[in-house]
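Across the two complexes that follow, subunit A remains constant while its partner is subunit B and subsequently subunit C.
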Partner chain A sequence: MEIKNVLKGSKKVASQYTTWVTFVGLLLLLSILTKGTALRWNSIRNLLIAESVRSFAALGVGMIIITKGIDLSIGYVVCLTASVAASFAQNPDYSSAIYAGHTFPLIIPILAAVAAGGLFGLFNGYLVAYGKLPPFIATLGSMSIAKGLQLIYTKAAVVGSLNQNFKNISQGSVGPIPNLIIYVVIAALVVYVLLKHTRQGTHFYAIGGNAQAARVSGINVERDLMMVYFYAGLLYGTAGTLLASRLGLANSLTANGMELDAIAAVTVGGVSQNGGVGSVGGMMVGVFTMGLINYGMSFLGVDSYYQQLVKGFIIIIAVYFDMKKYARRA
Partner chain B sequence: MDTTFALEMESITKVFPGVKALDEVTLRVRPGTVHALMGENGAGKSTLMKCLFGIYQEDSGIIKLHGHEHRFKDSHDALKQGVSMIHQELSNVPERSVAQNLFLGREPLKKTGLIDHKRMNDDTRTLLKDLEIDVKPEQRIGSLSISMQQTCEIAKAVSYNASVVVMDEPTSSLTDNEVQHLFRIIRQLREQNVAVIYISHKMEEIFSIADEVSVMRDGQMIGTYDVKDITNEKLISLMVGRDAKLRFPEFKSTAGETVLKVEHLTSSNNRSFKDVSFEVHKGEILGIGGLVGAQRTELMEAIFGVRGTASGKIFIEGDEIINITPRRAIEHGLGMITEDRRGSGIFPLMNISSNTSIASLREYLNKLHLLKHKQLKDESIRYNEALRTKTPTMETLIQNLSGGNQQKVIISRWLMTLPDILIMDEPTRGIDVGAKFEIYQIMGQLVEQGKAIIMVSSEMPELIGMSHRVMVLCEGRCTGILDKEECTQENIMRLATKFM
Partner chain C sequence: MKKTVAILLVLALVCTGIFAQGSSESSSTVKIGALIRNLNEQFVKDYADNLRKLAADQGVELNLQDAQGDVARQLDQLNTLITQGYKYFVIIPQDTSATEQMAQQIKAAGGGAAFSNIQPSVDALKVGKNFYLASSPELVAGQYQAQIVDEYFTKYPEKAPGKVLNILYLEGQLGHPAQISREAGFIDTLKSLGYTVNFIAKDTADWSPDKAQEKMDTWLAAHQGKFNLVVAQNDGMALGAVESLITNGLVDNDPSDGTILSYPVIGIDATADALNSMDQNKLYATVLQDSVGQSSTAFELAYAMATKGTATGMTAWGIAPAKTVISEAPANDPAVIGQCYLVPFKPVTKENYKELM
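Now for the complex of A and B:
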């Protein structure tokens, strides 16, 4: 009888914290399978670095999904912003540089990329909030626009030969902690405060939960919706900058498919596609769960084709449990 | 009277973790009768019906259909056996035609295996004609009025040659005229020897349509009575388990100065309300009566800034409010409890505390413009305690509360904004008798404190019992404002049908 109760209790906890349980379970599984070797600081550090840029995209789209939206333009917007950042950070003596012969202060590539991301966010937000376009379609359109702009801007060439100062933004570290991890922590904290401690963040949940009730409660639904896409755009711009800095180049393949990775990660992290539910903690755990799966399978020598397969199933299972959890009680 | 029952549910017991939802409940329904099933929310009516339709598996008990024991796998199986249910919420496909909806899932086929549209439409036409329903089979069902859609669902039930039809609060969104039409159809069903199980909270309906009434309370069947032998008061006391002499509380308040003045307000939608003028005073409940389609909700939404207006003025405490939005309305001391609790009231996946505080966040910011979570929660608790919201914890999701408790949370939300004027659109819709009375008490206390309430209601007794004055709308125009003494059912109906 007692065991039954314990089982029941743990089942309840498990369903409430699916995300965390999955993450810890995977962690344990991996450490058993590799007898602990996979979980040395060096490995974990590499995992964190690998997932850092995706974290920015996930934080952005996570907020959007909370408002019951979606953003398909992430990959190409990050690609465009990475190219913009890279174009202002090329060595001036590099003959095929976009602005050959010019040197820009370090702040310029960062500002340009973040501004480009922000503008795309405003564009998406305007279409969704005021144009009343379904987010899926609005961002599908802007995805193609971003791709086109990137190709036009770079003439489909690789934007390479970036200066060392720019590369140091992401490649440096403070003591043992890589810069990238610090940036992720800062971004996560900012989004956490926004969602949890500001009026606007609360409004995002309300809009996702019931837009009409939000309107009646005095919430300016259009403005808040536009702002959520804008904030996401700023995060994508940052992601683009960091990606270009880390890779030392940008081309038309940079960040391809990142939208699906980010959406999958936050979904695994418990952000409900039905809107109104999700947390920064969950989003981050989601990102690292997906990272851990990739990393763990590579470490164990699983063929990358199978990795895709496993990832797909994990997403489906995560959403299945999510749907069950929030299904209305009959 | 016929000796065999159309449907017998014998000693049905259903236990959920921690609660006995049904305790040896027995319900017997004769063919050719309308059998009302009554009880407060949570009495077990819906659980009983869910056992009938196989949605829940009962723990013990027997279900017999025309004397033969029967178990339905699901509602589709039940339908095939001639037992159908008409739900409170419409369950049709709005973009498809009436005929397509009626034959959904059993479309007649031609020899080729393709759908025989002609036969489908012809059969539908015959059926609609038999039931005196004035719609064309080809019409898109979503373009019909709610009541027509509901009537079509009844036609659908009939088309399965149903011998038992369950109706779950079928009139909750119908006007008096539409209810009369529905009743005509129900009587026709009765003549065709169909057994109708009629679930409703409305006493008036029970007395005008039902032959027998079964009352449930706390998962038990209290008894089955002949409607001729029972009184309104007796029914209520059976349902609530105590004497309920008063349906409306006494409250003493007199109208003070004008707080809201509306002058010649006309909607930007030219099929909506036109040239409506009225005033509301402190300490007053102004009832708004009229039939569905009278544009009462639209008028309220325009005053609250949810809808646009073409012309007219709105004054709050003497100041004209231009370009009103819900935000501005709230700042000027207006609050609005909407008619559609699920559609525009609750945030289903938010907890009680957040649902309560959502409209007041602006008042609870610290110097850094961050939310004061603790104070927000404390205040939410305070308001919900004052209204006696029944909830396990403040962290419970609002979707897990009963309708009456959800409504109390919504009222708490608006009280927390410290309003002077509260618009309450159908404040007791879908709420059981006990909770209704509590809502009335709250309304009484509010006007005693000097607040003004505008109450839209489709329930005549509520309108007459609670309002100081009643304004009646008909087809978007104000047809009169009645003082307390003139507030009779006849006067209100006369004004509500003035242009019809």
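Now for the complex of A and C:
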């Protein structure tokens, strides 16, 4: 038993380590293929900015997958929260503004979007934890609800002409470091502390590993499940705010498909679909590995049709090995 | 086993290196970047194909990026190309609202751009003289549809008693600039021609033929006999509607009015499929959105900037910069009207469709 556990432990370390090696290997390979141009600071900065908003989505869904859940509503919830944030940040003299003639303090769009994300999280969490709906179905439903609400709220129009203060949230920088990168670091640290240094974090792992056993050992499974979706919702709300600020707009296409990017990224980063396994480090490496593949192919001018193909294979391979690795546990 | 994953990942990237070999750099050639919103749409794909052809003919190194419908991805691709030293761009923007930001980034790199298909904002063109519109105003497509409708019902007034139009209307993706402007141009023109416009049913089919067909099947069951016209915002959806009318038996087999269907169906784009359908007397009419004209104009502007540093005032693909403002942005602002190249739409009816086949 003892030895088995040690072996299992070392395997986990190795798996995360390999993800890092893969990431660094890709970086080197790309720099060789592009004769170093892809590793200039400007390029790395581009990559970090490009993946920043997805990082928030990945951290959220990463926690959910650790509890053996899934969340398909990410894309449209981020789309909705981005639209909510943007609607409170439009220039008041813009005639098609949702609240034309009104100026709101900068905190309002942020709070409104995070609250909207949080509410959706609670809704998802309630359906999964107390309604006992399979997470796949519950979040499939809420995905459509979020899309509908977004279209109703914006009347399907683009929410544009955002004020400069709001745009600066994402577009500004501290010295050479873009704000977005700072936000990602903060979010990753918060989720890290939550998962590794709070009782609730350990509960998430326990629930994902074996919900029945978790319940027997006195964990309030329903409450903790509800909370994990709530936390994820807050992260999506933040993602929506940052995305609207970065793009200077929100529309019904904003963030569409982000759920698949985020789920793929954390899976590549070693978060197991079987629940109970995963780390913030892994999630972030997963995000940036997928980002690097996207970025590298775009940099090299690879046809977008091939890009989709390569991405698809990578996801399948990652999940295949993930399933194989943990198959024996069941 | 994880090693295998690593090896496969690396292999994947090596492969991408092989796929990408065609675009290896050489500093003496003219470099133009193309940022294209979504290659899954027929019009956009035709546009991109023509760009590739023009670039090959001129020996231009063209780096064409597909944003796959995502504004964020398009901004990332712009960043990537600027890092690689691209300065002059042909752009089909994903969204009007992001164009000013894009123009500012390009200006900061010392370059310029020509925008097509999705309009840039007035502010985007105001960023500098090296930013151009090379596109067809979407309002005009709707206006042509309205004129086609007018001609039909002027010929057959008994089909619209009292000039009342009861329309089944298929919209493109909601919020898409073309969706908004085509609809506005269509309704306004019909009203100015003295028609009463009733939408018996109006909903989005996301530019997609199969969604349009499904929607039409439902509408035909619900509104049988209550409508006299079917209008779609692109040909794909119009052809979906045609299929639905046929499968539901709404066919009079009398091609004398230009269609064997019981009601005329009108689209936009003049795709090859649409022209075929017109040839079979199914689709009644469409409006040509000229992918070759738009892409050639935009390419010539970008090429002039890349080789001469400016394109101000030049004639591109036989089109001179506009002189008088129209009602649709960005060509509605006198300050930037000289930067607008308006590629004409063209109504395609029984009289002229064969010229395009």
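Worth pointing out:
Convention: the second predicted complex is superposed on the first by the 310 of 330 C-alpha atoms of A that agree within 3 Å, B and C clash if a C-alpha of one lies under 4 Å from a C-alpha of the other, contacts with A are read in each partner's own complex, and residues count from 1 in each chain.
What we mean here is this: a residue touches a chain if its C-beta (ideal position, glycine included) is under 8 Å from a C-beta of that chain, and two chains touch if they have at least 3 such contacts.
Computed from a predicted structure; not experimentally measured.
For the composite obtained by superposing both complexes on subunit A, the positions of subunit B and subunit C are free of clash and fit together.
In the superposition on chain A, A:His197 makes contact with subunit B only, not with subunit C. Once the two complexes are overlaid on the shared chain, A:Ser96 sits clear of subunit B and of subunit C alike.
Look at A:Leu249: by the touch rule set out above, it reaches subunit C but stays clear of subunit B. Measured by the number of subunit A residues touched, the leading partner among subunit B and subunit C is C. Here the apex is the CA centre of subunit A, and the angle it makes with the centres of subunit B and subunit C after alignment on chain A is 130°, in steps of 10. In the superposition on chain A, A:Ser304 makes contact with subunit C only, while subunit B stays out of contact range. Once the two complexes are laid over each other on the shared chain, residue contacts for A:Ser144 go to neither subunit B nor subunit C. After overlaying the two complexes on the shared chain, residue contacts for A:Val216 are found with subunit B alone; subunit C is out of touch. Nowhere in the superposition do the C-alpha atoms of subunit B and subunit C come closer than 17 Å.
Within subunit A, not a single residue is touched by subunit B in the first complex and by subunit C in the second.
Note for the complex: subunit C touches subunit A at residues 1-6, 8-10, 12-17, 19-20, 22-23, 39, 63-66, 68-72, 75-77, 79-80, 83-84, 94-98, 100-101, 173-175, 180. Within the complex formed with subunit C, the residues of subunit A that make contact are 14-15, 18-19, 21-22, 25-26, 29-30, 33, 37, 40, 42-43, 46, 49-50, 53, 151, 154, 156-158, 160-161, 243, 246-249, 251-257, 289, 293, 295-306, 308, 310, 313-314, 317-318, 321, 324-325.
Per the touch definition, subunit A reaches subunit B in the complex via residues 193, 197-199, 202-203, 205-206, 209-210, 212-220, 272, 274, 276-277, 326, 328-330.
Those residues of subunit B that touch subunit A in the complex are listed here as 50, 55, 304, 306, 325-327, 329-330, 336, 338, 343-350, 354, 358-359, 361-362, 365, 369-371, 373, 399-400, 413.
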